[in-house]
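Here it is: the structure, laid out below.
Lettered A, B, C and D in written order, each chain numbered from 1.
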Amino acid sequence: MPVLTFHQAINAALREEMRRDERIMVMGEDVGHVGGVFRVTEGLQQEFGEERVVDTPLNEIGIVGAAIGMAMTGIRPCIEIQFSDFIYPAFDQIVNELAKVRYRSGGQFSAPVVVRTPYGGGVRGGHYHSQSPEAYFVHTAGLTTVIPSNPADAKGLLKSAMRSEDPVIFMEPKRLYRSMREEVPEGEHLVPLGKARIAREGSDATLLCYGAMVPICLEAASRAAESGTELEVIDLRTLWPVDIESILASVRKTGRVVVVHEAPRACGYGAELVAQIAERVIEYLQAPVVRVTGLDTPFPYTLESHYVPDAQRVLTGVQRVLKY
Amino acid sequence: MPVLTFHQAINAALREEMRRDERIMVMGEDVGHVGGVFRVTEGLQQEFGEERVVDTPLNEIGIVGAAIGMAMTGIRPCIEIQFSDFIYPAFDQIVNELAKVRYRSGGQFSAPVVVRTPYGGGVRGGHYHSQSPEAYFVHTAGLTTVIPSNPADAKGLLKSAMRSEDPVIFMEPKRLYRSMREEVPEGEHLVPLGKARIAREGSDATLLCYGAMVPICLEAASRAAESGTELEVIDLRTLWPVDIESILASVRKTGRVVVVHEAPRACGYGAELVAQIAERVIEYLQAPVVRVTGLDTPFPYTLESHYVPDAQRVLTGVQRVLKY
Amino acid sequence: METKVVLNPEDLRPTSRFLRPAHYASNGSNGMVQMLGNEGSQATRQPEIAAEDLRAMYDWMVRVRAFDTRMVNLQRQGRIAFFVPSTGEEAAQIGTAWALRPEDWVFPAYREQGVALFRGYPLDALICQMMGNAQDYMKGRQMPDHFGTPRIRFMAASSPVGTQIPHAVGGAWSARLRREASVSVVYFGDGATSTGDFHAGMTFAAVQQLPVVFFCKNNGWAISLPYAKQCRAEHLSDKAIGYGMPGVRVDGNDVLAVQAVASEAIEWARSGNGPVFVELITQRMGPHSTADDPTRYRPNELLEPWKQKDPLHRFRSYLEGRGLWTEADETRAWAEADARINAAIERVEPVGPPPLESIVEDVYAEVPWHLREQLDELKREG
Amino acid sequence: METKVVLNPEDLRPTSRFLRPAHYASNGSNGMVQMLGNEGSQATRQPEIAAEDLRAMYDWMVRVRAFDTRMVNLQRQGRIAFFVPSTGEEAAQIGTAWALRPEDWVFPAYREQGVALFRGYPLDALICQMMGNAQDYMKGRQMPDHFGTPRIRFMAASSPVGTQIPHAVGGAWSARLRREASVSVVYFGDGATSTGDFHAGMTFAAVQQLPVVFFCKNNGWAISLPYAKQCRAEHLSDKAIGYGMPGVRVDGNDVLAVQAVASEAIEWARSGNGPVFVELITQRMGPHSTADDPTRYRPNELLEPWKQKDPLHRFRSYLEGRGLWTEADETRAWAEADARINAAIERVEPVGPPPLESIVEDVYAEVPWHLREQLDELKREG
């Protein structure tokens, strides 16, 4: 198996799917000629031509809006929003259109668009190159929200997303683009949407996480193991509709849960996890679920390292559930 | 005290504040000459002139964006988005600009804008005239989100919002505009932001609600009282930053909680309430908190009455916490 | 009766200069294309449309007006909850729809019932949509007038103003990618030209030179907002210049001019010449919707001249002048239209609401676990 | 040396016809205003600017270039994390800034360091912003180049492209409401003209006839996207027509032309004539940012002609031609600029990061309970 970085794995998924399915086209700002500001789409225009890999004008409404029109009429657009911080101009197209086309037309039309977008901190990007807006999409009925945490999953999940009949918001942890390399299966490697992954087994407490927080949680788990605490790390992969069974199984086993994300806390995705757990398996809980998250502030620049959870903060959270 | 409908109470607040503070201006689609599609701003242009009460072109980016520019330079805009379903074109201006101006400028600039917008179901409006997008705003650091449930509060909260130094998203339950009338104090009636209200005292269970769900919860409480169950109804009024003390006090007293909102459930505001309660007073809980909410679907048209919680659904939720 | 043709004969040829960007780009305040005179005067130059087709065109305009009138009526009687009338805009609808081929795609706003009917949206299904019942193609999920179906390549409308504009651009783009010789056309109002979606759509279409035609029905109002408060440019067609796209103004109450311009624009786009912006000058004769009271903002005097320019009246005069229409035809056309509508109402009014289960369908291709649960909850609670 | 003035003397009078909408609206491809010839040729007609001021103008352009060069350097050394250079855009910055009054408001993008410095943004504070340290007015909350302060009526920039455009419109509107005779000016790039925010800002400004000037620095690129893929119109200034606003094109590398057009546009707006759109034709000589490698998309040949048109070079030739600038002046200007910058860096580099507490400040006017708690948590955890 070839060893690929995160961004190469995504590139491979795009390339393979475009070879497999003529209906797929890619567009976004700077994705064509230079292959994207993160070079994720590098070489695609060279291989598939300017018609299928398009550099668009600077307007996210147009990118998402045109993709919806394409998808309703038989094309499969996989579009890039350069940073998830810049997805909001297209929010109306996403929330009122993309997510609702199928429902409002009584199932007559659908809009299978994949919206790829890098998210999260770790690149000294400040307010506008570091945000984690996943909760907005989870709250929007009709969308599937996916966040991979490693190259192999990135490839397998993106391939599944590109074959989905529903619109998928596919958020990529940009800090891992180049910092993470691993073996990635070649060819038909599909990771199903809606299935979580046990990234590490353990019985003392459960860490629920996704994307860039998975390596952080794994690091925390290794450190905890040194002092004999066995943490189970669940990589959710699909945030919504979430794999509730995997979560519940782990909670039933450990009875202690820490939810970790870098997005702000209030009405964040962690809140939904806490609520789901409380509603379904409260009787198994031996401590209140702890949320280790970004702050309810805009994303800072210089103090970024205090904002984004690290292994230390995760372990403090773990202490709180263990010592309750 | 004069008896006013909900929409008249808001009109009174606008009128009084505009008389008091010359810096205030009102703008939005159709708010001037005809006084808004719900007639909430009726008569304002006649009294304050076309300069201070402005009919804008059909572009929400422009309404919010111009308001930010005004607010940063000394004007106090109180703008209307015709339906909260149409606020998303301005989402970037709200999330990336309005909410972050103060933080990103190190406190040098601020944008005290009030964004008034009717929300919610009950008017046979289907997908695009019925949405309840409050969770998006609660998740956005820097915003204060307020939803009144009755004419007197509407007046008092709006007046406070218009005097706030921070941007306020002020959501108005449109189904109550004309259906609710009550005595509203004249003149300097200020209801502080960030303070909940006990709408009805009770000791068996707590209903946490706001806006159009408050009368529904009160109806449920009356019906429950007939069979001897005393429900406490907390009208949150300010969703964020929320009055956590009032919530906790009630939970400590009743130990049983039902959260009610018409917005979709996943990552909805109810999830945050469940999480806050679980984190702070789980030891007082005698049953998992139950969420009675809208469905995780777009808002339907013909089946609307099944989508929006009514007293019956609230009571079913109450049964679940009581019988746990 | 005085006759006049403003349109140059040269202008009716498929790729005539009137659609050349240079012509329009350099002439922002160019005249409005007109074939029928005002108030029923005649066009000397006959359109290239067979007599039978001209009669059918008028017949369609009658049907649309009859439908409109009847639906407003149903709303007043509380039999439907809401309606968006298009009275006054029949020529703009039938003239443009006439120019389309079946393989073309229509991206409508909410005021295009006539276009839908003309393309073959079944009358029964349309009324089911107004009623939101179980036989509505939309499954009763949207307010009246938000309908569509792939059977006639007519997209399902939504309410947010302007969002369909980039969709149409995507539709045209898709056609090009799929090597389909179709054109996408999009309908929207004067108000919609202010939206970010309009700007996005125009920019993308022009840069990509896509086969899309923008039909902007300038009916003078965005609810209560008059044109002057929406746009400072003299004409909406001036906007095309800034996108490097040809822009045309046409008398939207003149079905022959609309048909001529629309055909030319559509075939121009189909031939690979890129997009065209067409401003159809008309007037919304009724309220914005049945929830609106236009007397609060629109002086009656303003409507008077427009009543003279009624699109049905003008076209009927023309047909009568050519001996193609009689009083008897008129009586029959209305009677048939009304009868058809009444029969349809009778058929569909008894249809019940969609089943409760449908509330969680079509959010995703398959109903996911949490929606199955939520449906179960509903059933228990209800 | 050949001399030429393209600008008509008539055009320099405050409300000359060159800003009349009719003139521009009917002439979308009008010429570009120019005073300095290319490659250092002279203007015969002297600008209405005192010799000392002309020297100062050039001196400022040197300072901006020196700052730019030094910051790119600091970034390469890892002493700042990022930088957005404006080399090549000095005339567009100093020419426009020169035309402003202190009471005017500036709504910048991220490439306007020169405008800020010229208006009096302290050099120390600017470098503190690049370093994100405790003495940064922004409290280290934003990436380099996202600075601002009310002290000089220069708004705090954000990254989303175009969002400042409607803000500027609001600023101008606010001035009118407050009866302040100020003008708001907004800077943005060619790429920004595609955004919905641009469309909103232009529409609102025109309809309301507000005192706002739109300075669009067309530097040919939006990161890797060349003009032709951004916009199909021949010129960005053509866009003004569709909003019913005067649009002017000016040689953005000609500081005299920029100053003349900017002054006229600003005073036109100040006098209540409404907004003006000014397209400044220039070229981004460096990368989009220090994170960008332009050799991947911009052929070097393309830059060659622009090197000849370097704004400093052209203006210096002009000054030399008039005997207003010598080699010694040149040496002194650069030495002083560099010395100033070096001294500032030395002063501010030791400043530490902002205190941890500041992370929760300024989200709201007062720190609310949940942020106090979150700070406490951080302190416990860290």
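Quick note on the criterion: contacts are C-beta pairs under 8 Å (C-beta built on N, C-alpha and C of every residue); 3 or more make two chains touch, one makes a residue touch a chain.
Every value quoted in this text rests on a predicted model; they were computed, and no experiment measured them.
Centroid analysis (C-alpha atoms only) places D farthest from chain B. Looking at A-C and B-C, the interface holding more C-beta pairs in contact is that of A-C. In whole angstrom, the spacing between the mean C-alpha positions of chain A and chain C is 41. The distance from the centre of chain C to the centre of chain D, each centre being the mean of the chain's C-alpha atoms, comes to 44 Å.
Between the Cα centres of chain B and chain C there is a gap of 37 Å. The geometric centre of chain A is 31 Å away from that of chain B, both derived from CA atoms.
Residue positions 141-142, 146, 158, 160, 194-197, 199-200, 203, 207, 229-231, 363, 370 of chain C are each in touch with at least two other chains. Each of residues 57, 59, 61-62, 85-86, 88-89, 92, 96, 100, 103-104, 127-128, 141-142, 266, 295-298 in chain B touches at least two other chains. Across the interface of their complex, chain B is touched by residues 81-82, 132-133, 140-143, 146, 158-162, 191-192, 194-197, 222-225, 229-231, 291-292, 296-297, 353-354, 356, 358-360, 363, 370-371, 374, 378, 380-382 of chain C.
Contact residues of chain D toward chain C in the complex are 25-26, 28-29, 194-200, 203, 206-207, 209, 228-234, 238-245. By the touch criterion stated above, chain B contacts chain D in their complex at residues 23, 25, 51-52, 54, 56-57, 59, 61-62, 64-75, 77, 89, 92-93, 96-97, 100-110, 141-142, 144, 164-166, 194, 241, 244. Residues 85-86, 88-89, 91-92, 95-96, 99-100, 103-104, 127-128, 135-136, 138-142, 240, 263-264, 266-272, 274-275, 278-279, 282, 285, 288-291, 295-298 of chain A touch chain B in their complex.
In the complex of the two chains, the chain B residues touching chain C come out as 29-30, 33-34, 37, 55, 57-59, 61-62, 85-86, 88-89, 124-129, 265-266, 295-298, 300-303, 306-307, 312-313, 316.
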